[in-house]
Amino acid sequence: MTATKPKAIRRLGDVIFANLAFFAGVSILATLATVAAFLFVQSIPAFTGPEIAAAEDGFWNYVFPFVFGTVYASIIALIIATPLAIGIALYISHFANRRFAQLLGYAVDLLAAIPSVVYGLWGILVLAPFLNPTFMWLNENLGWIPFFAGQVSATGRTMLTVGIVLAIMVLPIMAALIREVFLQTPRLHEEAALALGATRWEMIKMAVLPFGRTGIISAAMLGLGRSLGETMAVAMVLSPTAVINFAVLTSSNSNTIAANIALQFPEAGGNYSNLLIATGLVLFAITMVVNMIARWIISRRAEFSGAN
Amino acid sequence: MTSQVTSSFQGTADLPKWVSPAMLLAFFMGSFTLQVMLASSTEQNELNLIPVAVFGLVGYAVALYALSRFVEGRRKATDRLVTILVTAAFSLALIPLLSLAYTVVQNGAARFDAEFFTFSMRNIVGEGGGALHAIIGTLEITGIATLISVPIGIMAAIYLVEYGRGTIARLVTFFVDVMTGVPSIVAGLFAYALFVIFFGPGVRMGLGGAIALSVLMIPVVIRATEEMLKIVPNELREAAYALGVPKWLTVIKVVLPTALAGIATGVMISIARVIGETAPLLIIAGFTASMNYNPFDERMMTLPVFVYTSYANQGVDMQSYVDRAWAGALTLMLIVMVLNLVARLISKYFSPKG
Amino acid sequence: MSKRIELQKLNVYYSSFLAVEDVNMVIEPKAITAFIGPSGCGKSTLIRTLNRMHEVIPGARVEGQLLMDGEDVYGPDVDPVRVRRQVGMVFQRPNPFPTMSIKDNVLSGYKLNNSRMSKTEAEELTEKALVGANLWNEVKDRLDKPGSGLSGGQQQRLCIARAIAVEPDVILMDEPTSALDPISTAAIEDLAVELKEKFTVVIVTHNMQQASRISDMTAFFNIAGTGMPGKLIEYDRTEKIFSNPAEQQTEDYVSGRFG
């Protein structure tokens, strides 16, 4: 009874190649760890060095309005983008005919390819002036709602404009993701619904939306992750002040972390740049958490849905 | 009896096909006329398109719903309403795309001339000047980023598809996805934090920009390559193994060539994705008005940063700065479009058939 | 050129699952040996152990001995890659390399291993292999065209040409005609009969008529039920298996009473 274990003879080429591939794969983990570590190390002088004029009340008081601005702008963007993304995804997956739908898919993907600095330029020179009369109207007629209260900005460079620009920017990725999920709806469920005499909307309500719910949630989370980190469009469009303000039509808006870094960093000297890096670390932490939750939802869904 | 059967198939009466588009047209015309009248009655003569769209759409939706509910019944009316909403959502998304394309082309054309592509901004205060230094910088920095990202990205994808098993592979897969969500400005700060160690505070260097872009580009390359490697049929790998070809040669000479067109497409798209990045380059590559061919020393201008600084730091002759910003934006958009187009053409014409 | 294969107490596992149990048989050189049996009986698994292809699947392993002309294929110093160079394999579905021309497909065993050869050598070898695979006359005018442009049957013969070009000792065929039409099937069967002049040929087939038409020896495999290991029930000359089998199970199977 000879039990021969296939003791693998490994060729040199195989060993080298497999290791190269392995190190390339692991370098992803290493890179993320290094990003966190370097940002952390470079943040330290902000706390140990001489006091920084901009942050005389301490780091957390400095960063908090930016955290608020970051989250607030992203939430506005999400409120606008999510229903639109669902609409676009439904239109492409279930309403338009197939050839046309593919073309539309390309068009939406093109939105994703436009550089953010171009969005910024467009946002400030085209969108802001265009929206301003509507902002006036909202303030006059719906000013009793706190969000629309206050002195309306004359330039249109407000939180709401930023939210709309961000919404446009995250729309393609959200729509693409939701569309994928909708297209995975088991045909059998759809046909079963139609066979029961359902209209198209009833079929969507019965078969497509329940199936796509986690997909919509994770797409929203990913869109949130994107908009949290978006820099240039915000830096160019928003007229910022270091306050916390819920009103979305005024000219005193809480800046976002990313935009604040972009605006301050080129001029920053001494440990002010370390302070900005520390705020960057806060942003990194926030986006990582949001992204990890989103990816976790997606991977859980992939395990349970049985699709693919 | 027969008449009953027929009627049960037909259900309620349907609205004729022309009703819906006719109503759409009517309501938008009406809304437009109303706004024109309102605009002329007040002092501000400017026509605001937002109320035109809002009143037109809401009026159309409400009216068609009511009519459909009366003629066709509640279920069909709801179906019609949803169709209107979904189509409206889609049209709404296309408006910014069209507006962007239109304004960028229209405003960019003013300075989209020979001088723009042959001069830097050295010693320019008002009119004239160009973005050659920025274009060179963008090409060099993106080129280096591509040289760094493509080998690492492809090898990492090979690891995930051909070798990866167990916990580490799952971790890598997960964090590649997470890495796609790293904010671009954080990548810039990372490159800065890395270079400060070697060159001291305040460092600005083209290479740093390339590093930052690589952080953003690698996960995109990995995802694209991974997808392409996964669709290479396993039968081809087995055919090669059965001929006594070792695994590494199978990957290099069978799997990669079969997936090549798809990988090239993915690389093109990932380049298009990072070539427009502004924030990280603003941080680590900085900005300058002069030509700098050396990515290993000193500030280096790039096209997106050129667009930003032209707009943000307007000099005395404001219009010429804004014009240059738009021309830069147009150039950038064209580069991105061309890259996307090339990507599509590659995948269309070079994928192996069968 | 042609080698005798001895299987002694061979067990094949996928991780802890025993797929094929205790196979003892001798596969004769210069003959066609057919493996038949119902789906899932382990015949495909077994043929893949003959050139150590099953190792490609993670967790797959073998116990027992597999000797090729007395040499232990699973010996401690044996390189599976070298084994596969001596044991060619043809698969269920034709799988020519889509990025290569017909000629490059034939020479792929050399080209993929970075072997250099002169132009005339390459041309001679291509012709010899394609003639050997009964494909030369059909493709000699378009050797530089992609192999994926051929019909299914031609593609399968191209794969056979690719396998014999490296001059192996053994040719394994894993249901080589299951994806082909009857005319292409006949061409492959004729080819298999010609190949046994030079090689040890092992063929897995679902088609009992095919086994009875072309093989010299037939091995019948069966399983007691799903989740149970496949076993070699009977192994004998083909006429005997099909006319007068020793085992009741074999008789039931070849007479079409089950499976």
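A few comments on the model shown:
The letters A, B and C name the chains in turn, as written, and every chain counts its residues from 1.
Basically, contacts are C-beta pairs under 8 Å (C-beta built on N, C-alpha and C of every residue); 3 or more make two chains touch, one makes a residue touch a chain.
These numbers were taken from a predicted model, which means no experiment stands behind them.
Seen from the C-alpha centroid of subunit A, the farthest chain centroid is that of C. Two chain pairs, A-B and B-C, are compared here, and A-B has more C-beta pairs in contact (counted per touch definition above).
Legend note: the chain whose CA centroid lies nearest the centroid of all displayed protein CA atoms is B.
In this assembly, the C-alpha centroid of subunit B lies 50 Å from the C-alpha centroid of subunit C. Per-chain CA centroids place subunit A at a distance of 14 Å from subunit B. Taken residue by residue, subunit B touches two or more other chains at 246, 249, whereas all remaining positions touch fewer. Within subunit A, residues 11 each touch two or more of the remaining chains. Shared contact sites, meaning residues of subunit C that touch two or more other chains, fall at 81. By the touch criterion stated above, subunit B contacts subunit C in their complex at residues 165, 233, 235-246, 249-250, 253-254, 257-258, 260, 352-354.
Within the complex formed with subunit B, the residues of subunit A that make contact are 11, 13-14, 16-18, 20-29, 31-32, 34-35, 38-39, 41-42, 83-84, 86-88, 90-92, 95, 104, 107-108, 110-111, 113-122, 124-127, 130-131, 133-134, 137, 168, 171, 175, 199-202, 204, 222, 225-226, 228-232, 235-236, 258, 261-262, 265-266, 269-270, 273, 276-277, 280, 283-284, 287-288, 290-292, 294-295, 298-299. Interface of subunit C with subunit B (complex): residues 51, 53, 56, 58, 81-86, 88-89, 91, 93, 95-99, 108-109, 111-114, 146, 148-149, 159, 162-163, 166. Chain contact summary for the complex, subunit B toward subunit A: residues 46, 48-51, 75-76, 78-79, 82-83, 85-90, 92-94, 96-97, 99-100, 103-104, 107, 151-156, 158-160, 162-164, 168-169, 171-172, 174-187, 189-190, 192-194, 196-197, 201-202, 215, 218-219, 222, 246-249, 251-252, 272-273, 275-279, 282-283, 286-287, 304, 307-308, 311-312, 322, 325-326, 329, 332-333, 336-337, 340.
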